[in-house]
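Same chain, two partners: subunit A is paired with subunit B first, then with subunit C.
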Partner chain A sequence: MNSDQITVDTSSVDRFVQQKYKHGFVTDIESETVPPGLNEETVRWISARKGEPEWLTEWRLQAYRNWLTMQAPDWAHLKIEPIDFQAISYFSAPKSDKDRPQSLDEVDPKLLETYDKLGVPLHERARLAGVAVDAVFDSVSVGTTFREELKKAGVIFCSFSEAVRDYPELVRQHLGTVVPPRDNFFAALNSAVFSDGSFVYIPRGVRCPMELSTYFRINAAETGQFERTLIIAEDKSYVSYLEGCTAPMRDENQLHAAVVELVALEDAEIKYSTVQNWYPGDEEGKGGIYNFVTKRGMCRGDRSKISWTQVETGSAITWKYPSCVLRGERSVGEFYSVALTNNFQQADTGTKMIHIGRDTRSKIISKGISAGRGQNAYRGLVRVAKTAKNARNFTQCDSMLIGKRCGAHTFPYIEVGNPTAKVEHEATTSRIGEDQLFYCLQRGISEEDAVSMIVDGFCKQVFRELPMEFAVEAKALLEVSLEGAVG
Partner chain B sequence: MDKAMLKVRNLHASVEGKQILNGLDLEVNAGEVHAIMGPNGSGKSTLASVIAGREGYEVTDGQVLYRGRDLLELEPEERACEGIFLAFQYPVEIPGVNNTYFLRAALNAQRKYRGEPELDSMQFLKLIRGKLEILHISDDLMHRAVNEGFSGGEKKRNEIFQMAVLEPALAILDETDSGLDIDALKLVAEGVNRQRSPDRAMIVVTHYQRLLEYIVPDRVHVLSGGRIAASGDADLALKLEEEGYSWLAEGGIQALEGAETGSGGAGAAAGA
Partner chain C sequence: MTGLTEQWSDALAAAPQEPAPAWLRELRENAVGQFRAAGLPHRKVEAWKYTPMTVFDGLRLTAAEPVPAPVADLPPPLCESSVVVDIRDGALGEVPADLPQGLTVLPLATALERFEERLKPLFEAVELRGATRAFAALNTALATQGLVVHVARDAAGGSAAGRLLLRWGLSAGAAATMGQFRLFVLLDDGARLELVEQYLGSGEAPGDGAAGLNVLCQAELGAGARLSHTRVQAETEQAVLLTSTMLEQARDSRFVYRGFDLGAGLARHELTTRLTGPGAEADIAGAWLLDGRRHVDNHVSVEHLAPGCASEQFFRGVLGGRSRGVFNGRALIQAGADGSSVRQSNANLLLSPLAEMDTKPELEIYADEVEASHGATVGQLDEAAVFYLRSRGLTDGAARRMLTAAFCRAVTDRVADPILAERIGGLLDAAMPSGEQL
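After this line comes the complex of A and B, so read on.
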């Protein structure tokens, strides 16, 4: 196993580019990457490359045709350079399954080193904390551990591709039921070209014996990433899923358009936590990841619960609204978010809580931090359908400004279709207090430590929703992201 | 060795372009407690802020020496680590930051600066246990966020408690007595008196003489017109209590000269 396997072998790309299309269909499925561009052939190629069944190929093609009729959303409070979708390569993978590392020991040491630098000792975490890890980079899973233990509990935790191969019926039954392929521009794009991701299935009555954790990383040059994640929690089951993202320094803008679907059945609970730290671009605003994600959970069963917790510090542009559809009676949706923008970063993030069942409850705690020239928008929708008798929502939306050139914006949308519903919204904006800062300095605490202490305090309500070691990591991330924000 | 802790000479300072201090002189030796009194808006907090190095307080002329060193060269956090402590007139709330954690971070920052090992939370708890009792600080208060939801009295006691833990060489208490009932005042005064020591100097800024019944100062200064208008011993505070500050405005110059030239302090000032 050599460490070159994750870099793009350009000679084979050249070979591929020079190859003629036969019967309008690309046959070289051993290739590591497709040349830039998107058409039906590309979609078919990806599907064939992954050995997918006919129905899935058709599903992708349908999504692609939908996508052609759609336009990139322009309502967000974001400045986005037009994206040339024909300049992106839609697939990149290691040479062959046989060459892939079968365990973490075989993973490129450089990758592990990067994790270490970011305070994510992956192997240690896996061994000591008993966390199952499904590390995904460049579209294909490379290491999955603890699968045996999970199997004993009846839990399925594997890459999306494996799920398509081994549990096609489960995938077919749920795929696209929460985020339909034509839901929005980026979801349609993802549905057409998604490469890999995670699949989780918790059977009835099972409490998943460990936190499930996936680390994502974008690696090969100019390859957009299109992960697809599906989590199904059967009646009375529970799962906590951690998603962390890191990326090395790089120059070009990169598109990332993931889709995450969660399904919670009767009395089931899904806790989904994200720490996102993709390359945000440099101090001048050059480079950085475009993060256009569709995340949605469906509380299908009565008394089910889905909670999203996110700490967003990375990416040049973030467009992300993890949402809950509260269909089951007395189901509960929660959203806890910390979003930080520094330098030229932009974030338009928030949530949607759609109350359909009666006695449904939702809670939204959003903490936006803007520094440098960062722009941070909270956008939240609370919709109470006619059917949602006694629905309750509480929203608290706080913004903190560090410095004078950044901005915070709040866009709450509230639609109430049932008179018995109660919707509360609180919002505050504060500048990081010069008096708070001086109070800390006067006690001997350095400015940098003072800022991270104050910011950490501001985020406490969200951090305490994160699993312990994740919270520590999130705190460290904020500190790194805020370096040089003051003074 | 020089006993001088603080030497302020001809200090001129402005805030937002407004001249507040106009040639202030002050000398405080180790082991002494000085009281600074003066009407509202006379610049007492401004003096405290300048000494602590608060941003926005511009020194336009004069000199501040701290243990023989030019204080104005140091960053505010360096001044703190060098032993200057300010008990704030309005202690600041820091939501979400645990009170115990905050104080330990402060102590460890100062220990690190001095090249001493940092304390872990067990060692820290051991260190603060006794001091908590003296100031009647409850566990509950230590578990809450810094000053958040504290009553006025709790905030002031917390300041003095921080001082007890940080053990500064020069402490400035800015109106620590304001807003306290008599029991709380006695508690705070006891906390302060316990910390009087030959190596420590204190500047007690107050509006009322009341505090000085419990913390008896070695010297009393009256700040007016941006300078020390009168200095004397503890009796000067009593005179101020009886006569108010208005005599400063009228017979000001005389009083000022009497006080400044007279080495006897209060006698000279009172007789002016």
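After this line comes the complex of A and C, so read on.
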């Protein structure tokens, strides 16, 4: 088809591209924040403030000392102004934390209002949807629902601080075993100053009765957020964990460096889903969250399975590679990703599949969408160790370009050291199908609906991996981020 | 600074200044400075993370003029009716005087005067900064040996077959030096050249010590020019071979590359082409068949800087023994280079439990009206196909050899000259790694 024959009205496009961030507001809650800067004293202060045992304080200090010897990675396809780590405040807790609410009724109403604005009425919708929500507001957990119901099943789902207090031996046994404190620059930083996060423990043979969900929200200005999540699935257990986030509008770039560790033992399965919609910066590329995340799952037991699904539409900078270490025989790793960059957003994201055990399998499906001046890179590693007999990997990463000034990049690393392994990688990059658009338009479908349909179809393979409610949210998010961004 | 960097820096400092134009002397001094500042690359340098740097230990840098060896030593030419130039251990042999109309072949020292206007910007265009450019800096600093090939407007270079053969030879053991050689290929508008390079050893029995060679080639293709470049490398396991080819392609020019790596302890080839004019094409294909402890790195980068350009990268690898293959293919489409088409493909067969293949096909795309795709696979022979052949009476070994040969044929079939393709096919068959029963 000759593209000259098609004229597309771009005014609606421009209008939608200009659309403001819908979740931009700041809740006025007094925070208790340490002054900016990082030294051993800060680390000790955070640890003491949280009443941590000595071993954890030492663990943090060791991580901090490691961090001092490391350098921020520069290999990613990202343009980042150097970050002044001394200009960041490393701890912030809502003031009402002093008398921690015992139930949601006692939660600061302003806080609940914030969730309300986000469309997350903690107690009601959570109950209706059968989802337990452990909401992290800045750095401290403020409410957990459904704990009783989970307790009956023997599932532990609580904030990280509570886990350190109530289940120290479990935390100590697993903390840092998947992402060691000196794994990389940002993981080391997180290990030194991590504020809070979630802890999940599924006992042997238990299928978690509901999907577990945490809503994160960055709130106090100029405060980095450093969550630490640890999920342990014992033999023959199953859990599906949902993580989603939105953040208020702000001018300063905010640093976010989380660490997520998953441990799957024999026959266990962990499904980890993320919808990330942090503030991406304005149309000029000013502001926005810097998101440097280390997520890794260890399939420690035979026949275990870890599945990552992510929808990344937010953040000014995304540096994130959810990975699977397939150690157990016949263990399975999966990665499904939709990453969208618009305006001046930059994403360098992908996964690592490390095959160590025999007959291990992995699958990678990545969909990248670039619009505006967005730069979207897939970076993935598939490594088959000498020991991984009959390992199997299939990778497909497709990129869609919408507009003249964006970029789509693919950097797949494939390292194979076993002759019985089969590794396949395929990728395509193309602009949004003009013939498809034309077809929809001449059927009377509006342009933005057509784009939305095409993008939705492009991402379908990933969306169908998301739990139902999340899939709806993800689809809506993509529409908001992209509506009519074609020209 | 590592020991080797230090040692080589000292050798650079001690090297005598060869007579050269002032701008070149200045450039060489600068290169020495850049090398001293950045040092040799190491595993933390992204582009060198898979290259074993230990193979360079024991290799000396020398500024002494290499002595050209007698031609008779080198293996026979891979193809007939060619203008043949021999380069042994980095030393240029005799350059034939009787050349076809339109073709000029000169030693670098002589050519510097005649082609100064064209060579100076080429020399200056080579990035020397940083550890990834250490060998380019070394080459600029030390390569007094070199060759300039020029084909005049609308002329076909080479002999009746339009062909120029460079016959390289590395003799192991004798010198243990890291030789440096510079090659320039200048094609005027509409000019055509078929360049064949053979690295088939020195013809001597391999010695104990290593022999190194660092070749930097720069080529300029004028509008509508055609360069066909075939490179066959089957050096001994003592050889350490670094080659870097950098091309600039003007409007409607066409570059066809066929590269075959069957040997060398370490062979690293960097091939970069910049498609600067609309309608330029790069058709790049290659294969490696490795056995023993060989290590072959192929780094290919195609930059689409103008609209309507097309490129393809097609590579196949077979790895046996304890060999290691590395492929890093990159295709960049600059903003504005609409109508570009990029295809990238790399398939590999792993035949041995100790062999390893690392492949990284990259796409970097800044324009939206493009078609780009890439694929990479690492696997083994189809057992059903092996079974089929065995059911027809072939032995297991013969069946596997036949299928492996067929796998490589995809690349030899792309060599335009059927006679040359047949010879290369023969070399490939001879080099076929002995796969183990899996």
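One rule holds for everything that comes next: the second predicted complex is superposed on the first by the 424 of 487 C-alpha atoms of A that agree within 3 Å, B and C clash if a C-alpha of one lies under 4 Å from a C-alpha of the other, contacts with A are read in each partner's own complex, and residues count from 1 in each chain.
What we mean here is this: contacts are C-beta pairs under 8 Å (C-beta built on N, C-alpha and C of every residue); 3 or more make two chains touch, one makes a residue touch a chain.
Values in this document were obtained by computation on a predicted structure and should not be read as measured data.
Peer 1: Looking at A:441, would you say it contacts subunit B, subunit C, both, or neither? Reply first, second, both or neither.
Peer 2: Touch status of A:441: first partner only.
Peer 1: For A:81, decide between first (touching subunit B), second (touching subunit C), both and neither.
Peer 2: neither
Peer 1: If you stack the two complexes on chain A, which partner ends up touching A:411: first (subunit B), second (subunit C), both, or neither?
Peer 2: The answer is second: A:411 touches subunit C but not subunit B.
Peer 1: Once the structures are superposed on A, label A:456 by its partner contacts, choosing first (subunit B), second (subunit C), both or neither.
Peer 2: After superposing on A, A:456 lies in contact with subunit B but is clear of subunit C.
Peer 1: Is A:433 in contact with subunit B, with subunit C, with both, or with neither (first, second, both, neither)?
Peer 2: first
Peer 1: Report the partner of subunit A that touches more of its residues: subunit B or subunit C.
Peer 2: Subunit A has more residues touched by C than by the other partner.
Peer 1: Residue by residue on subunit A, keep only those touching subunit B in one complex and subunit C in the other, then list them.
Peer 2: Touching subunit B in the first complex and subunit C in the second, no residue of subunit A appears in both lists.
Peer 1: Within the complex, which stretch of subunit C touches subunit A?
Peer 2: By the definition above, subunit C touches subunit A via 46, 335, 348, 350-380, 436, 438.
Peer 1: For the complex, give me every residue of subunit A touching subunit C.
Peer 2: 75, 77, 384, 386, 399, 401-431
Peer 1: Looking at the complex, which residues from subunit A come into contact with subunit B?
Peer 2: Per the stated touch rule, the residues are 433-436, 438-447, 449, 453-454, 456-461.
Peer 1: Give the list of subunit B residues in touch with subunit A in this complex.
Peer 2: It is residues 52-56, 75-77, 79-81, 85-86, 88, 91-97, 102-103, 105-107, 109-110, 113, 145, 162, 166 of subunit B that touch subunit A.
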